[in-house]
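First chain written, first letter: the chains are A, B, C and D, and each begins at residue 1.
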Amino acid sequence: MADNKFAAYICSGCGLGDKLDIKTLEKIAQKEGKMQVVKSHPFLCNAEGVQTINDDIANEAVTHVCIAACSRRAKTEAFHFPTVAMSRANLREGVLWIVAAGEAHDEVRQEMANDYVRMGCAELKKMKLPAGNPDKAQNKRILVVGGGMSGLTAALDAADAGYETVIVEKQGQLGGWATKLWKRVPFKAPYAEPQDTGLAALVAKIAAHPLIKVHLNSSLAETAGAPGRFTVKIAQESGAVTDETVGAIVQATGFTGYDIAKLPELGGGQANVVDQAGLEALAIAANGGAIKRADGKEVKAVVFVQCAGQRGHGGNGSGQHLEYCSGHCCATSIKQAMYFKDQNPDIDTVVMYSDLRVPGMGEDFYRSAQEKGVIFTKAKVTAVSGGDACKVGFKDLILDEDSSIDADLVVLATGQVPSAGVELDAWTELTAAADGGSDEAKQKIVVMNKASVLNLTYRQGPDLPQFKYGFADSHFICFPYETRRTGIYAAGPVRRPMDILQATEDATGAALKAIQAVENASLGRAAHPRSGDLSYPLVRLEGCTQCKRCTVECPFGAIDEDEKRFPVFNEQRCRRCGTCMGACPVRVISFDNYSVDTVGSQIKAVDMPDEFSERPRILILACENDAYPALDMAGLSRTVYSAFVRIIPVRCLGSVNTIWITDALNSGFDGVMMMGCKKGDDYQCHFVKGSELAHYRMSKIGDTLTQLGLEPERVVTQEVAITDNQRVVTLINDYVAQINELGMSPMKGFN
Amino acid sequence: MSYQNNFLKEVEERVEEGHMVKMCMQCGVCAGSCPFGPDWEHSPQKIFMMIRAGKREEVLGSDSMFMCTSCYNCIVRCPRELPITHIMHGLANYAHRIGMAPKGQPTRVFATMFWNNLTKKGRVNELTLTLGLYFKDGLVSGIKTAFGMQSIGLGMLLAKRLNPMEIFGGHGLKDLKGFHAIVAKAKEIEDRKKGFTA
Amino acid sequence: MTASIATSQAILVVGGGISGMTAALEAAECGKQVILAEKTPTLGGRTALLYRYFPKMCHPTCGLEINLRRLKGNRKVRTMTMTEVLAVSGRRGDYTVTLKVSPRYVTENCTGCGDCASAVSAEIDNPYEYGLAKTRAAYLPHAMAYPQRYVIDPSIVGTPEGEKAKAACKVGAVDLEMKEETVEIKVGAVIWATGWKPYDAAKIQPYGYDRYANVITSLEFERLADPHGPTGGKILRPSDGKPAKNIAFIQCAGSRDENHLRHCSRICCMASLKQTQYVRESCGDGGKSTVYYIDIRAIDRLEDFYAMVWNDPTVSFIKSKVAEITEDKDANPVLHGVDTEGYHRYATTHDLVVLAVGMEPEANGIRLPDDMLLDSSGFIEGCKGAIEDEGMFGAGAASSPLDVNRSVQSATAAALRAIKVIHKTARTEKV
Amino acid sequence: MAKKEYAFYPGCSSQLKASASNYLVSTKAMCKALDVKLTEIPDWNCCGASIGYCEGGELPRHAINARNFAQAETHLPGQDIVATCAACWLGARESKERLDGSAQLMKETNEALAAAGLHYSGGANVRHMVEVLIEDFGYDGLKQPMKKSLEGIKFAGYVGCQTNRPFGIVGESFENPLYLDKMVETFGGEALTTYDQKVTCCGGALAFSEPDKSQKQIRDIVESAYDAGAEMIVTPCPLCQANVEVYQSEINKKQGTKFNMPVLYYSQLMTIAYGGTAKDAGLDGQLIRAEKLEKIAGK
């Protein structure tokens, strides 16, 4: 390829020209920035300005472009040059709009702009245009684990979209939980009557579909590889093993009902006390006729007990059993009560609930049941006894009295327990113990691997990380399919308690994400949240000390270890957050357009006034997802903050390598502030642990600071939300004040 | 022992609009909307729950329904469009007719007198109605009440809005016979339907 | 003018809220061509006007930022703001859609510098503050607005004010001659992500939203709590600007009600639980929240959040649909009703009442194609006729009263449904 | 404007020398001014009133109302039935709707009517006088015959319950109906729109049986009228009028209040505005005299 040619384009529009000396900026770009082409333009983002740049790329063979104008978040359509590497020096939101007006500030304003141009050029010098992953993974088949309603829906949708699909079902027939149902709740208006499950029709479509292949009585013995190149071993009960290669995986392994035997206080285990599945079985047996109990007696009075062993802490604080609400049970009990009423309106059917939860159009289903004569009462059930004459003792919350009711049958609405496989924290502990030589741990691991659903060969464990209560759910509200194992998507009740309607909807969504994953992998593109990013981690193994920090800290389990314990990067699993780069003590990991050098060189490029100048310099490393936008918006609202700060956006605080901090302090910065997302249980970090890790790592550099004879306050880490556009300003100004208190860094002048 | 549907079924079959009782979702708007709410031992919403719970004696023996002044506030606010006023009237009527309503409940007495008064002549005779009410508990207390009210009576008289001559008859229908026949027939049909013994 | 863009291989997404953006991006990141049409001047929809999300108490703009970055980097999505659908004709795989593009009076040259806004003095009701605040008639919808382009309100076009804005723009981006345009496009599938609107609280007469200053809607309350909002995040009473500490939340305001919306709007319970924490955030232990409810519908893991709020000593729950609100001499709302758990009558005075208003389909009001299938509340169920012929789909809150998380789920599913249509069309075209 | 004709259903209280005779008198005067011809339904009977529920039950109440419909049908074909009394209107309208809604009920009702050789074929149109005024004339129309302004008098518009619920006047809300205020303003009076008891029930049904309960209601209604600065209360309902006016002295006696608030019918206001005399307007029928109004009438 041709030699690199570097160009800087400086905009004097939006008032930049009035407040800044553009000539000086040009000189700096040329002399210090070593830019071969330097041009300024009164309105760089308009068609004509953009054309100049495109012409230079076309005619002058410019390969690297530094845009010194507005924030990298602005005018992205105009400044779109896919064939060259590009850096943005933020002179508008970052300087013009936040430095106090008036001549008094002209000098600091200019200094700030000068530095940003220096930094933009320095960064550019170290950048390469990312080429995308050369090792493209081209397999576009979709593997669906679990042949229930969710799995079948996902498979059919993927296949209908033209993607070959493989279903693995552990049972001898398809259908999963739905095979246990007499009917399902209605999906569409008028939401009045129980409906056929539609399973038969779905199974027929699956069977007839040319792109769908089904493995029954099978489970996954091993899953290796990455999106676009998974290899799975499918083991049949018989022991036979088939190999399949797929590009992405949908895990729809469903749930089991909470064990009724664990609810003795509600008559669990006694005769004629059944769970909802038990009632479905009776209904199937009755086949539309009178529903009879196990002992053959016709049911004339039935009581449904909602939230049985659920909502353990909810409003009503027992702390036992399942803490969550399974969502579907109210509608399911309504449906089941209708089984009785539709067959014989004289049957007494009472539903005892604490909050009747039938959202949306479920309200119509509730009304329909009332019209059929189903009685609903808000009650706290205190005791249930089974047997020939069942009795339900309860506190009637409306009539405010203790009461009891006789019934032929009691139905406990128990909750959904996800089948998500192995809990990774437990697994990690065991493997650690096993590495330590514990035989007990080794045996436990064998058992665990049997319990595993996916049996991933990943360094970080055999299954999807579980979010809470064993559900393999996303932590994100805006991104329900945000998964920590790229290319593997949970769908249905394994992800969150849900009914068939939600599960099938969820399955369709998961199928789309799987399709997206294979398409991205085939182009070497990153998946969400850095969608389309063509950069990927490059490692110089010769420098690696096998410290394993990258393999342990990668939030997405993208990095495995070979037998020599060298990291093995799986680019298609990688989400380009750079956490590995931040973790690496020997700095052998980098991205073409984002590396220890691209940031380090910016830090070093800053012109450092001497300690007598009374102009401190403070480095701010700001997360590009929340902190940097907040700073931008501070600019947008023209909120003034100190002109002594120099801000560098980072992909994630997890990517911050401590060398940057020491470099900054060594080169005379008086303070370093990191701005990252909220950490902890409700973390906001889009890369899960980045902010957490940064805090951790920074807590460890205290020693380094003392060695340098520096106060710990010179390095701080802050949690910042995207809405904090006023707070960031306070944080900055207060910190600058604090640094002024401390005095200038003693390191100045030593470099 | 509760929540057997026998009483609910009885109400559905024999009480005006009784089939709507099951549609209540216990939000309590009716109870909060009634101008005489504080005077109700059981609010409508609670009565509906009691009916479902099978509390026949408590419900039919209650004087709560007689607190209803037919202001229709509950009806227009009920999110489930239950005709609450009518159900209260229906329950009162049912309790009254099967003799379970509280004896001497003043509104029960007045309402009965009112109906009898209006059916007598086809139109309400305000004077006889009033006097009748005053003397319902016997002469002595009657004289007291009437005396206590005389200023009003007198005022009405002076304002020509009360006619002492009405005591000897007053307004009435020409076709009183026909009117009585209609009322009798209607009552007969309803009694047959609801199994009342006249 | 009439321009023809796109082909039957493209997908039209109507509505640029969280659902529409998601549907568009998910489809585009599968390699499909997408046109994203938004009626207002900016993407983001209603979520951009919320302060926090339940249950994480995180900020909607955070997800918006990510989605906007995905959008800026993806050339397969063509975003059209101020664009409405006039008509749809044709069938699955081959629709012709007529779009109306209203004039923004600001061209793509706009750099977002704000000179026009500083130049004009005319003010309009800020459409992004539910009328709680005013804004200049030349304005940037909000800090996260995309495209980051100003808008000139039609009311000042042809007035000296408009000329002021034009004169102030150094880059000549203000074009007062801009005219409404009609655009015709061909697409294979349509995703209706037209979202929802709050039920008109004034219709709930017993609560006197139209009579009492201190009775507001849950959406207005979001704006009061938001630091970017009209009060800078302080919860102040509209009547006298005093801080509100004792706040009532009335559930099912318009929902689950034959007189208003028959359906349950699902989100309101969680929204109110969330908002009780706004009160705690601003008043600490000095705050007091009372939630008046029929059933608390905190489904699945959201139950955790309910439990957390339940255990918050500043929050109490009363199982009661409030019968009516009156106002005392100091403009304090007084709530009247009955706690149905044991029949306890109350008449409680609060500083401020927040009505958890129900969700109504925004599409109640815009004309959907005749062959769309709607439920009794107007939410989109799909197309009439056989599923095989479905080429138009509802997504997010247009399809059902959904929270953000479920809306995104629904939008992602809708994207695949549309892709399936495109796939079939592509095949039949090859044949 | 052409003469409008209606089948008039005055009701028991609006008879000569009955509690609402002044309503009847003023209504007639008002209609004269509006060129409205009211023809009494021949031999009409009592509506049963809601209080009739206890003894009257369901069918008998519908039957006696149907008798009035049948009478109107035969003798005043094609004319809307217009009632001035809230209870009459409500009772009749309710029966009408129930009969329209249930073929069974209609059958049984006619079975009963047959006993008097009557038949009701359905489709009676039962309206309240206020509906007629607002819908058939409109506020502008009502202004036409106006001769005097009620300027200088502050009125609290007390709608009460049964004229307002469950049917109410089209376009008005149950909680805050404004038509009385609009009428007052139409005739130049000052409407106190902030009056907050305008739809409170006066407890009429309990007036006799539980006087204390109903008088508590009346006290609120009158007190709040004073608070709002009212000089008079105006109402469309004879029971409201009677209760709220009549029991003021009683309450004064029992509770030491000094109530002396005139309570009038809209029809009395209109009669005066249309230039009628105090007698035409039945002002002589007030227990608490409306002097200010009489003054205007005298001018």
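Heads up, the rule we're going with is that a residue touches a chain if its C-beta (ideal position, glycine included) is under 8 Å from a C-beta of that chain, and two chains touch if they have at least 3 such contacts.
These numbers were taken from a predicted model, which means no experiment stands behind them.
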{"item": "C-D or A-B, whichever has more C-beta pairs in contact", "value": "A-B"}
{"item": "Chain centroid nearest the full-protein CA centroid", "value": "C"}
{"item": "Computed distance of Cα centres, subunit D from subunit C, in Å", "value": "46"}
{"item": "Centre distance in Å when subunit A and subunit B are each reduced to the mean of their C-alpha atoms", "value": "65"}
{"item": "Computed distance of Cα centres, subunit D from subunit B, in Å", "value": "22"}
{"item": "Separation of mean Cα positions, subunit C and subunit A [Å, integer]", "value": "24"}
{"item": "Per-residue overlap in subunit B, given as positions that touch at least 2 other chains", "value": "25-26, 46, 76-77, 80"}
{"item": "Sequence positions of subunit C contacting 2 or more other chains", "value": "206, 256, 319, 324, 340, 343"}
{"item": "Multi-partner residues of subunit A (at least 2 other chains)", "value": "356, 378, 398-399"}
{"item": "Topology of the chain contact graph, where touching chains are joined (line, ring, star, complete, other)", "value": "other"}
{"item": "Touching residues on subunit A, where the partner in the complex is subunit B", "value": "301, 346, 348, 350, 356, 366-367, 370-371, 373, 375-378, 396, 398-399, 403-406"}
{"item": "Parts of subunit B lying in touch with subunit C, wherever the complex brings them together", "value": "25-33, 37-38, 42-43, 45-46, 76-81"}
{"item": "For the subunit B and subunit A complex, residues of the former touching the latter", "value": "1-5, 8, 22-23, 25-26, 46, 49-50, 52-53, 80"}
{"item": "Subunit C-touching residues of subunit D, taken from the complex the two chains share", "value": "173-176, 196"}
{"item": "Interface residues, subunit B side, partner subunit D - complex", "value": "16, 35-36, 39, 66-73, 75-77, 85, 89-90, 92-93, 96-97, 106-112, 114-116, 118, 122-124, 126, 129-130, 133, 149, 151-152, 155-156, 159-163, 166, 171, 173-175, 177-179, 181-187, 189-190, 193-194"}
